[in-house]
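Can you keep this structure in mind? I'll have questions shortly.
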Amino acid sequence: MRILTWKQIAAWICAIVLVAACFITAVASVTGNSESGDYIVITLCHWDNGGTTETDLVKEVCAAFEEKYNAEVDEKNASLEEGEEEYDRIKVEVSVISSYESQFNSIIAAQTVPDVFLVPDGNFGQWVKTGVMLDLTEYIEQSELIDLSKVWPSAVDRYRYNGKTMGSGAIYCMPKDITPYVMYYNKDLFDRYGVPYPDPSVPWTPEEALQYWSMFGYSRSEELGGSTVYVSSRTGETKVTSEHVYGVAKIYPESLIWSNGADYLSEDRTEVLIDSSEFIEVYDYIQTATMDYCVTPTSAILATTSEKTLFLNGEAACYIEGRSVTSDLRKQATFDWDIAPIPAFEADPNCNGWSGSVGYAVYKNTAYPDIAYRLAEFFTSVEGQLIMTESGFSIPLYNDEETIAKLYEYDAGKLPQNTAEWLRAAQYQRAGLWQYLPSVRWKDRLADDMGVLFESDPSKRATAEQFLTDEKEVILNIIKTDFPELFSNG
Amino acid sequence: MQTERCSTQSELMHTTTAAPSAQPKKKLSRMRRSDIFWGYLCVAPLTIGLLLFLAAPLCYACYLSLTTYDLFNPPVFVKFDNFIRAFSENETQFWPSVGNAFVMCIGVLLSMAISLVLANLLSGKKKGTNVFRMIYFLPTICSSVAVGIMWKRIYDYQYGFLNQIIGLFGFEKVNWLDSAHAVPSLIFLNVIFGMGTNILLYIATIKNIPRSYYEAAELDGAGGLQKFFYITLPSVSPVSFYILTMGVIGCLQGFAIYQVMTGGSPSNTMMPVMLIYNYAGGNYGAFYGYSSTLAILLGIIIAIVTALNFGLSKKWVYYES
Amino acid sequence: MQVNSGKKFSRAAGSIATYVLLVLFAAFILVPFAYLLSCSFKNAQEINLSAFFPKHWTGANYRAVFEETVMLRAFLNTFLYIIPPVLTGVFMSGLAAYGFARLRFPGSRIIFSLMMATLVIPNIIIMIPAYVMFANFYHWVGTPLPVMIPGMFGSTVMMFFFLNFLRTLPTDYEEAAILDGMSRGGIYISIILPLIKPAIITQTLLSFIGFYNDYLTPLLYLGNNEKLFTVQLAINQMNSAYSVETEKLLTACVVAMIPTSVLFLLCQKYLVDGISLSGLK
């Protein structure tokens, strides 16, 4: 008795070949294309949080570096004596990763860390402890391209780590950019509602801000004619409008808290200070602004619509954000706009926000530490910085006159006109809350729980004081469980 | 004769082995030996797979749950600290998230009821039943990521389809995914998009109910509703039980759709699996030990619920004969 | 006469009510899909307008999805990753089912019961330690191996399905083959597999759909390398990107739903029968 007919045998062979082919192709696609040709492949990974503008720019800078480096190699090879080995050209490969911060843990686990990788300042503490980053201090000292004394100090210090705490010690990342936060405002809307423009250098006080922000939102009905009814609980007046314009897309508590002289945690991070009277004042203010004056959307609305969308659609008059959106706004905004300082209390008006930053680290076990460092360095160098400044994506990391003049030159004739505000903000603004501790669970929790302040039913709504007093314990417990080592040494 | 162990699942192989029993003894034992060899060979791949990718991780989970581990530094044995932490008041998210998952189980019950009604309507010989059956089943084969994105768009506050529709009738926009509305919105989606399989199971069962039952009931003067409650409902109870059990197990482990739709905010849409994922290299950092602890606790909860389900089933499930 | 027509009337009314109910629920399902489909033909300006159908139909989104994103690569990857586990998985599960159903060997009952017991273990417990094991012992994270290999050994659910199917089949052919001196392996390949063909088709389809729609496993193991993305990861990346282009995202969703929908339409008989059967054990 035959086991199989010829047809069946053919089918079996097909199936087996198919499975094997798929398997081999799938596996080969991972391992295959790392080193091909005579050039060295330097890999760099990057997030997509800055949108395509940023990733395109990074690719551009990498291409510029590749060209520069290869030109050097060609030059060296040209002057080689006979018998000496040729230098290899390089090729920089950029991979863009979404949900970068959470994905990077598995990159480390898989030991597929690229030669150069992006480090957001918020993750620096967590990642530097894993030992994947190369100490760059010596490289920087020997470098001719980098003069740290000319770089905004806050941009470098956030990438220092002394083995225990951040902020001092060896440098592990080359800063790529610094993104000071400012208040963007829609001039057309300000004109339409007869609101005076904010001062270009003096921040609004919170009272002023509330006063001006609440001038939006009540469109004149005879002009627009619509059906939505908005009731202001402040004045009790009812107006018929076709649209509701928020004064500001989102109010960030940090800027008000710091400028009011308060803070979230103590220096050593073992105490939670969110029940101080200055702190409560800020939360009170935000609650009033959101619920009574309706100048800003509740977090529930922001959950489905981004602040940027609100601003771009003319549904919010002001928008607090970093420099990184500037190039997008230049492309997409259909109205006239400018920037102003973020509203702040008078106690410390310069301390009215944080600046974001990302840097590039070099993988400790990279095969080409020198080249990898030079790539990371290129981003920080004046040459790399000017490429990114020219595109409008960021402001230079340097605070010397020469580069600042370049910034004015590049930004001239483009929006925003208030270039000086970037420099003021870059000078004073510090790193964000995410640098307080290596994990952000405590701060996420605080933001999540804030919902009770914005319950639509007033009887269920907590006061800022109640909320913060209760929340203090919760936050402290989170810090205690996540970082027991902070508390162990007395 | 080797009749000593005749397991229930091998009733049929009895006939197979009965045939060679008439052969001389020597041949029989050779057959037996070859059977044993082939038996192990046949079962080996699946067994090895389960050992490697199920049993080993299971044991490893138990070990990990007693350690703190961040993937980079070696695991530190901490005894039952993780469990103590999970039960302490510091753990403010896990138990509420388990509660959320149980709330979502309302959807399983609703889906069961609606599927039964629809299956009952579809099991008759009406025109177009096939088309309806296909439509109801369609969402089941679509990926939850795509379905999640689709519904996120539909529920969107600013530009969502649903708000556009109710806007036509002059209603205010509703924020379908805020803390007040997210749970019903998600349950609705789960019910509508999860009933395909249930309907198929019910139709198959209802078609298997002997006509004579209904005919007898009709002779006794039973109406449509009475027939449904006294014949259909008890007859489909084993399938209902199956749907309930599998539904609850699946519901307590829900992930993709919630991750895509809300990402865990508002907090009443935070699901246990999302939390476990967050602790395992997700948003909360690399706490693999604690993550395993929570996973084991969730597993135990699921096991208890399933056991309860089986216990209660004796009261309402009717098996024939 | 009166009574009769009344009865007729009520039957007609009942029939109409039935259809109304059926159509209502069908609408709950079809309208979202139709909305999605219509959105995929809108351009960036129209996507936020309230009209159901676009004023200007455009196919640009489809082109963009394939040209600007990793979707094409993701499709190729997905098929590469799922064909081996689907085909070998079905083969191995069938093999195990044959072993349990037709062969007698010591310990078969215990092995079988232990296997059935694994069905109650919630997947979630395995997820994290499996990840750690793949990362630290196998060093497979960042490769498609964790997505492919476990499935290639077969699954208990599938095995049980085949077992149930095998039990309903007579053993005449096999006995004849044994008398002819055919080996057990030969019997499995030449007799059992053709006999359980309908069950195999059903399980192949179900397993294909399951692997195709799986999100968490690829997310865990491949989530950071665009070159390895599956379709689900590709649309998820578009969804979680910093600036979401809604019309393209929705188009990508349509594209991602196509393969399983086509399979469903072509083979719905097998799927429907298979699922109906699985509940009747």
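In this document, chain identifiers A, B and C correspond to the written order of the chains, with residue numbering beginning at 1 in each.
Definition applied: a residue touches a chain if its C-beta (ideal position, glycine included) is under 8 Å from a C-beta of that chain, and two chains touch if they have at least 3 such contacts.
Just so you know, these numbers come straight off a predicted model, no measurement behind them.
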- Query: Measuring centre to centre with C-alpha atoms, which chain is farthest from subunit B?
  - Reply: A
- Item | B-C against A-C, pair bridged by the larger set of C-beta contacts | B-C
- Task: Find the geometric centre of each of subunit A and subunit C from their Cα atoms only, then give the gap between the two centres in Å, rounded to an integer.
- Result: 38
- Query: Just how far, in Å, is the C-alpha centre of subunit C from the one of subunit B?
  - Reply: 15
- Junction residues of subunit A, two or more chains touched: 106, 109
- Task: List, in ascending order, every residue of subunit C touching at least 2 other chains.
- Result: 131, 135-136
- Would you give the residues of subunit B that are in contact with at least 2 other chains, written as numbers and ranges? 71, 158, 281
- Which residues of subunit B touch subunit A in their complex? 70-73, 85, 89-90, 92, 155-158, 160, 170, 172, 175, 177-180, 262, 265-267, 281-286
- Over in the complex, which subunit A residues touch subunit B? Could you list them? 101-102, 105-106, 108-109, 126, 129-131, 227-228, 300-301, 303-305, 309, 438-441, 444-445, 448, 451, 456, 474, 477-478, 480-482
- subunit A to subunit C touching residues, read off their complex: 1-4, 8, 12, 15, 18-19, 22-23, 25-27, 29-31, 45, 48-52, 95-99, 103-104, 106-107, 109-112, 328
- In the complex of these two chains, what residues of subunit C are touching subunit A? 77, 79-81, 83-84, 87-88, 131, 135-136, 139, 141-145, 148, 177, 180, 182, 186, 189-190, 220-221, 223-228, 237, 240-243
- Message: Touching residues of subunit C toward subunit B in the complex: what are they?
- Response: 14-15, 18, 21-22, 25-26, 28-30, 32-33, 35-36, 39, 47-48, 50, 92-93, 95-96, 98-106, 108-109, 111-112, 115, 118, 120-133, 135-136, 149-150, 152-156, 159, 163, 166-167, 171, 174-175, 178-179, 183-185, 188, 209, 212-213, 215-216, 231-232, 235-236, 239, 246, 249-250, 253, 256-257, 260-261, 263-265, 268, 271-272, 275-280
